[in-house]
Structures are given as structure tokens and as C-alpha cells.
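Next up: the structures, one after another.
Both complexes shown next keep subunit A, but they swap its partner, so subunit B is in the first and subunit C is in the second.
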Partner chain A sequence: MDYVFLACALVSCVASLMVVRSRNPVYSALALMLCFLAFAVVFLRLGAPFLAAMHVLVYTGAILVLFLFVIMLLNLKEEELGREHPDWVKGALALLCVLLFGAIAVPLAREPRLRFRLPPPDEGFGGVEHVGRALFHQYALPFELVSVLIVVAILGCVVLAKRKL
Partner chain B sequence: MVTKDVLYKLVVFLATVGIAVGLVPIMTIVERRVAAFIQNRWGPNRVGPWGLLQPVADGIKAFFKEEFVPARADRLLHFIAPMLVFVPPAIGFAVIPWGNQIGSVKLQAVNLNIGVLFMMSVLSIAVYGLAIGGWASNNKWSLLGGLRASAQLISYELTLGLAILVAIMMAESVDPQVIVAKQTRGILSWNVFGGGNLLALPCGLLGILLLYTAALAENNRLPFDLPECEQELVGGYHTEYSSMKFAMFFMGEYVAMVNMSAIVTMLYLGGWYFPGITNPADHSWLGGILSVGVFMAKTFAILFVYVWIRWTFPRFKYNQLMNLGWKGLLPLSLANVALLAVVGVFTGGKP
Partner chain C sequence: MLPYLLFSAAMFSVGVYGVLARRNLLIVLMSIELMLNGVNIALVAFSRLHGGPDGQVFVLMVMAVAAAEVAVGLAILIALFRTRRTVDTGDLTSLKG
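Then we have the complex of A and B:
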């Protein structure tokens, strides 16, 4: 058994529940941070150190800070947070989610064609050189197209935010 | 022999923590004495010989102060925030090689092949402490201080990252050991002088300038100490903090300063290498201790510049800070990276 993975899975599951369960959005954001950190450790265990570092750097260090920034700037009061659904609705929805997950996960776990072992990865797999080579040689065109997409998204945001240019 | 290796590792690890945290009280006394010297007064000189025990007195005083939490504050987050400021920079120190190796033991707590990325990602977490501390105090001005801090840190993290990228491009690696090893071929092989390529010299000089400016802003040091401001914000994100928790915010700031200085030393100034004093092939005790001494001397020189700048420059206004960060430093650092890439391609470096 991979105990590190189990611990990280447990932390990320509990943190994810806290994200949706906590009444206060600041606590939600902090639980999401915990969740991201657990993901990063899982990435490390899977032999993707570059992805792990970037996950923390970009998601935890930048994007989530912006979430927190906006939440703190709004600084919602208790009455502005709105009413919650009654408990039986929440319980029913949770049950539905568990059933849906089971309906997908159980057949997948029983599928014999999915029981194979991957060959061991190449030397340096998941390191900076490996990822860089893949991004800039093998997948250079999609990579550049994604950057165009991001520029378009930024321009869209600017146009939406500044109606009068 | 496994136990012996583990023992060595433990000693190196404890020494790393000792350096990261132990430099903090030294820095506080250095800061106050240098400030006094610049302002032509004495500074703290009563406690112990030449006032050297002043940090101990400060610590004892902080411990005995009343611990106060505002009534409507969020107690849990109010408690966690100072730790979030203090711990990440201390962890970031783990990947910094603070000396050459002695025997087969490398003087670095953890040797990661993605060391620089690890350091950057750990440092990017420290911003949570400031933001959460400001929010959890349930005080408008503290909140504004926390917001200012997070906006400032996010803005300057881009410049910081691009300036670090320049050093990574010169070393062609993100492994701290490799980055330092490539700078041990004479003083001109330091990344600040272009990493052995004289055409890249302007990139190196601009790179360290940008890195240092961004580091000042990241550490909330003058001239960028906008998150704390008596006139506009009463104090800042730490207004509602007292006793040791308040002291912890300050210790966190100093640990971050020490850490940042070590990063500058490692990335641009050749780490523990100085021509004529340390020899990369010398793995004896004397050579190891000399290399630690060289590293400490460089780190202290950079820390001294922090203090020097603090008592020399006037501070910015917040809009000037944002203008400088986004319209000045960011395009400049992008241009620097592009220039280095062009130089690298034309001088036969790996593209």
C-alpha cells in the first residue's frame, strides 16, 4: 500500500468537503489551498516533480490568492451569504453523488482490460527538461495556440471590465 | 554506515534551520545599529557588550507581553496567520546549498533537482499569512493592510520569477547544486557577469537588479513597505496582534529577508564560491568551513544593502508601486529574458 497516497487522498477529500461545506468563503478558499497542496504531493509520488512545483506556484501561489483577495475585498456579512438548503435536500444530493460515483467507479474497477502495468518511465520523466522538450518540440503548435487563447481571454476581460475605452 | 549518514544528514539539517532562524536576531541588532549609524546616533548599546544582547531582551519582552485577541476576530485564523508568515521562508531555506561538500556530505539540507522551483512555490505561500492575518483581525485597516500586501506580493512575484528565470537560463538547470557548480569557474562565470558569456553581461547585471528590487517588494521592505503605514492604516495587517504573535510577523519578515539574500547569492553571486578562497574540488574540513564563511559573507553583504536602502530612500505611494511593478519592471524583465535568449542562440548556447 502507498501510505503517502492514502494520506494525501484523505486530506484532499476532507479539504474538498470543507470547501463546499464551510459557511465562510475565506475558510473555503483555505481548504482549497490544503487540497491543492495534497494534490502536489500526489503529483510528486507519480513522478511529476515539475507539475507538482508548478501546481503549487500557479494555483496555490497565484490563482487562489486572487480568489482570497476578491473574497476579502467583498468581505460578505452573514446576512449577505444567503440561506442554505434544508438538510434533507443536502443529504439527498450527497447520496445521489455517491451513487453516481459508485455507478462509474465499480464497473471500472472490475474491468479486466484496465488491469495492466505501465512500463517504467524514461530517465528524467516529469523533470523540467522532459516537460520542456515535450512542450516545445512535440506539442509546439498546440502550446502556441493555447497562448493565443489566453491572450484572447485577457483581451476579453479588459473589454468587459472597461466598457468605455 | 547508514546510521552515520543519517546522523550527518541530521546535523546538516539542524544547521540549516539554525542558519535560517539564527540569523534573525543578529539581523535585528545589525539593522538597529546600522540605522543608528546612518542617522548619526548610538542605537541600542545598553544590553550586554556593545548592545549585542538586545535581541534577547526584545524576545523576553515579547514573551511577557499580554496576548490579546480582538473580541470579534476569527480566533483560529488569527492564531494560524503568523505561522503562515514564518514557516514558508524557513522551509524554502532547505534547498539552498550554503557550503561546498565536506567529505561526501553536501552542505544542503535537501538536494532536489527542481530546487529553485520548489523554493519559489514555497515562498509564494507566505502571502496567505499576511492576507489572513489582516482579515482575521476583523478590523477595516488591518484588512486593507492585508489586501495591500497580497496585491503587492502577487504583482512583484512576476518580476521575481522572470529574474530567477534569467539565472536558470544561464545555468541551464533548476538544480541549486548545478547552478552553483556552473559559477565556480572564476569570477566571470558568476551569473551576475553573464555566467561565463561576456555578451550576456548586461542581462546578468539587469537580472540581479530586477531580482533585488522584486525581493525588496516581496519582503515588504522600504521603499516598498506599503502594507504597513501608520498614517493611512493605523499599522497594517498586524495592528491587532500583540505579544509573541506580533514578534512572529517580524521574525517571518526577517527570515524571508535572509532567505531572499541567500537566493540572490546562490543564483547570481556564485553561492559559496570566491576565487582564491574556496576551491570546488577541496572537500576537506577547512575548505568546507571557508565555503560556508564565503556564503555567509555574501549573504550578509546583501542583507546590509537591505538595511542601507531602508534608511536611504523615501518610500513610494501605492499607485507608484503598481505603476513601477506592472509598467516598468515587468516589461523590462521580459525584455531581459528575450535578450538573453537571443544572445544564447547567437553564441552557440543550447536554444
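Then we have the complex of A and C:
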């Protein structure tokens, strides 16, 4: 059994529950950071070192800092955090999500073809060269389109962040 | 292989719960990140199973989309907070017919 993966899965399950349960967004963001770091370790265990590095850079480095920055900027007071749904609604939705998990997990657990240990990865699998070769040959067009998406996102942010809407 | 997929499904379900049950827009956005990450884990696991780099390229695309989505989402959140002084999704009913 892969104990590193089990530990990471446990940490990120607890941290993700803290993300969705805590009332204060700062605690949510910090739990989300723990979650993202555990995901990066899982990527390493899956033989994707380049993705693990990118994950830490993009999610922990950029997205989470953006979240924290916005939380600090808004500086929400207790009454501005908004009302939450009553407990019975939350309980019903939690049950619904457990059912969703069951609907995904039970067919997977019953599938005998998935019950195997992953073989060790090939030499260089998941490295910069391996991923980069695919990214710049086979997936060159989607890669270029991502740049269009990012330009559109930048323009959208600038327009939205202007004083007067 | 199976534990990775179960883990991915668990993260996705927790994210769905966050999106449905919370009314704070910041936490809804964080839950969307959790859902995207759950999908990423499944993509990397299948990429490893398949032995090709395709799944990992998809994960990079998902990361780019997630970054763009968060930037625009947080810009909308700031614009909303400036005009309405609220981050509660229940109060945002101006598009309601």
C-alpha cells in the first residue's frame, strides 16, 4: 500500500472539508493551501513531477495568493459574510453529495479491471521534455488558444475592475 | 489505480457540496477549484495508466482555464462588493425576472 498517498489523501480530505465548512474565508483559503500542497504530492506519486511543480506554482503561488489578496482587500466584517443556509438544508445537500460520491465510487470499486497497482513509469515519464514535446507538437493549437483565453481574461478583469461599471 | 480515482471522486463531491451549500461567493469559487483539482487527479492517473503525455497536457489546459476563471470571478466579486456591499449569493437577484 502506498502510505504517502494515503497520508496525502487523508490530509486533503480533512482540509477540503475545512474549506467548505469554515465560516471565515481566511481559514478556508489556508485549508485550501494545505489541500493544494497535498495534491502536488499526489501528482509526484503518480509520476508527474512537472505537473507537481506547475501545480504548486499556479495554484499555491498565483490562485491562492489572489484569493488571500481579495479577502484582505474586501476585509469582510462578520455581518458582511452573508447568511448561510439552515442546517437541515446543509444536511440534505451533504447527503446528496455522499450519494453522488457513491454513484461514482461504487461502479468503480466493482470494476475488476481497475484493481491493479500502477506499473512503475517509464524513464522520463512526466518530465518537462515528455510533456513539452506533446504540448508543442500535437497540442500546439490548443496551447496557442490558451493564450487567447488569457488575453480575454485579462481584458475582462481590467473592464470589471474599473471604478464605474 | 482504484484509490486514485476514489480520491478524485471524493474531492469532486466535496467541491459540489461547497458550491451548493455555501452562500459566500469566495468559498463557492474555492469549491470550484476543489472540483477542478479532483478532475485533474483522475486525468493524471489515467495518463499514467495510458503511458502517454496527453492527460498531463489536458491538466495544464485545465490549470490555465482555472487561473483565468478565478481572475475573472474575483474581479466580478470585487465589482459586486463595491456596488452591493455583499458577497452573499442569495442577495444577488438583480438578474431574476
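FYI, the second predicted complex is superposed on the first by the 148 of 165 C-alpha atoms of A that agree within 3 Å, B and C clash if a C-alpha of one lies under 4 Å from a C-alpha of the other, contacts with A are read in each partner's own complex, and residues count from 1 in each chain.
Keep in mind that, in the parts below, contacts are C-beta pairs under 8 Å (C-beta built on N, C-alpha and C of every residue); 3 or more make two chains touch, one makes a residue touch a chain.
Everything numeric here is computed off the predicted structure, so don't read it as measured data.
On the superposed subunit A, the two partners subunit B and subunit C both fit, without a clash. Number of subunit A residues touched is higher for C, counting subunit B against subunit C.
Once the two complexes are overlaid on the shared chain, A:128 sits against subunit B while remaining clear of subunit C. By the touch criterion defined above, A:33 lies against subunit B but remains apart from subunit C after alignment on the C-alpha atoms of chain A.
Using the contact criterion defined above for the overlaid structures, shared-chain residue A:115 touches subunit C, although it does not reach subunit B. Of the two partner chains placed around the shared chain by superposition, neither subunit B nor subunit C is touched by A:141. Once the two complexes are laid over each other on the shared chain, residue contacts for A:62 go to subunit B and to subunit C alike. By the touch criterion defined above, A:75 lies against subunit B but remains apart from subunit C after alignment on the C-alpha atoms of chain A. Of the two partner chains, subunit C is the only one that A:93 touches; subunit B does not reach it.
In the superposed pair of complexes, A:157 makes contact with subunit C only, with no contact to subunit B. By the touch criterion defined above, A:43 lies against subunit C but remains apart from subunit B after alignment on the C-alpha atoms of chain A.
Of all C-alpha pairs spanning subunit B and subunit C in the superposed arrangement, the closest lie 14 Å apart. Overlaid on A, the two complexes show subunit B and subunit C touching the same residues of subunit A, namely 50, 54, 62, 66, 73.
Touching subunit A in their complex are the following residues of subunit C: 1-7, 9-18, 20-24, 26-27, 29-31, 33-34, 37, 40-41, 44-45, 47-49, 51-54, 56-57, 59-61, 63-72, 74-79, 81, 83, 85-91.
Against subunit A, in their complex, subunit B makes its touches with residues 74, 77, 112-114, 117-118, 120-122, 124-125, 127-128, 131-132, 134-135, 143, 146-147, 150-151, 153-154, 157, 174. Interface residues of subunit A facing subunit C in the complex, by the touch rule stated above, are 2, 5-6, 9, 12-13, 16-17, 19-20, 25, 28-29, 32, 35-36, 39, 42-43, 46-48, 50-51, 54-55, 58-59, 62-63, 66-67, 70-71, 73-74, 76, 80-85, 89-90, 93-94, 96-98, 100-101, 104-105, 108-109, 114-118, 121-122, 125-126, 130-131, 133-135, 138-139, 142, 146, 149-150, 152-154, 156-157, 160-161, 165. For subunit A in complex with subunit B, the touching residues are 26, 30, 33, 40, 49-50, 53-54, 56-57, 60-62, 65-66, 68-69, 72-73, 75, 127-128.
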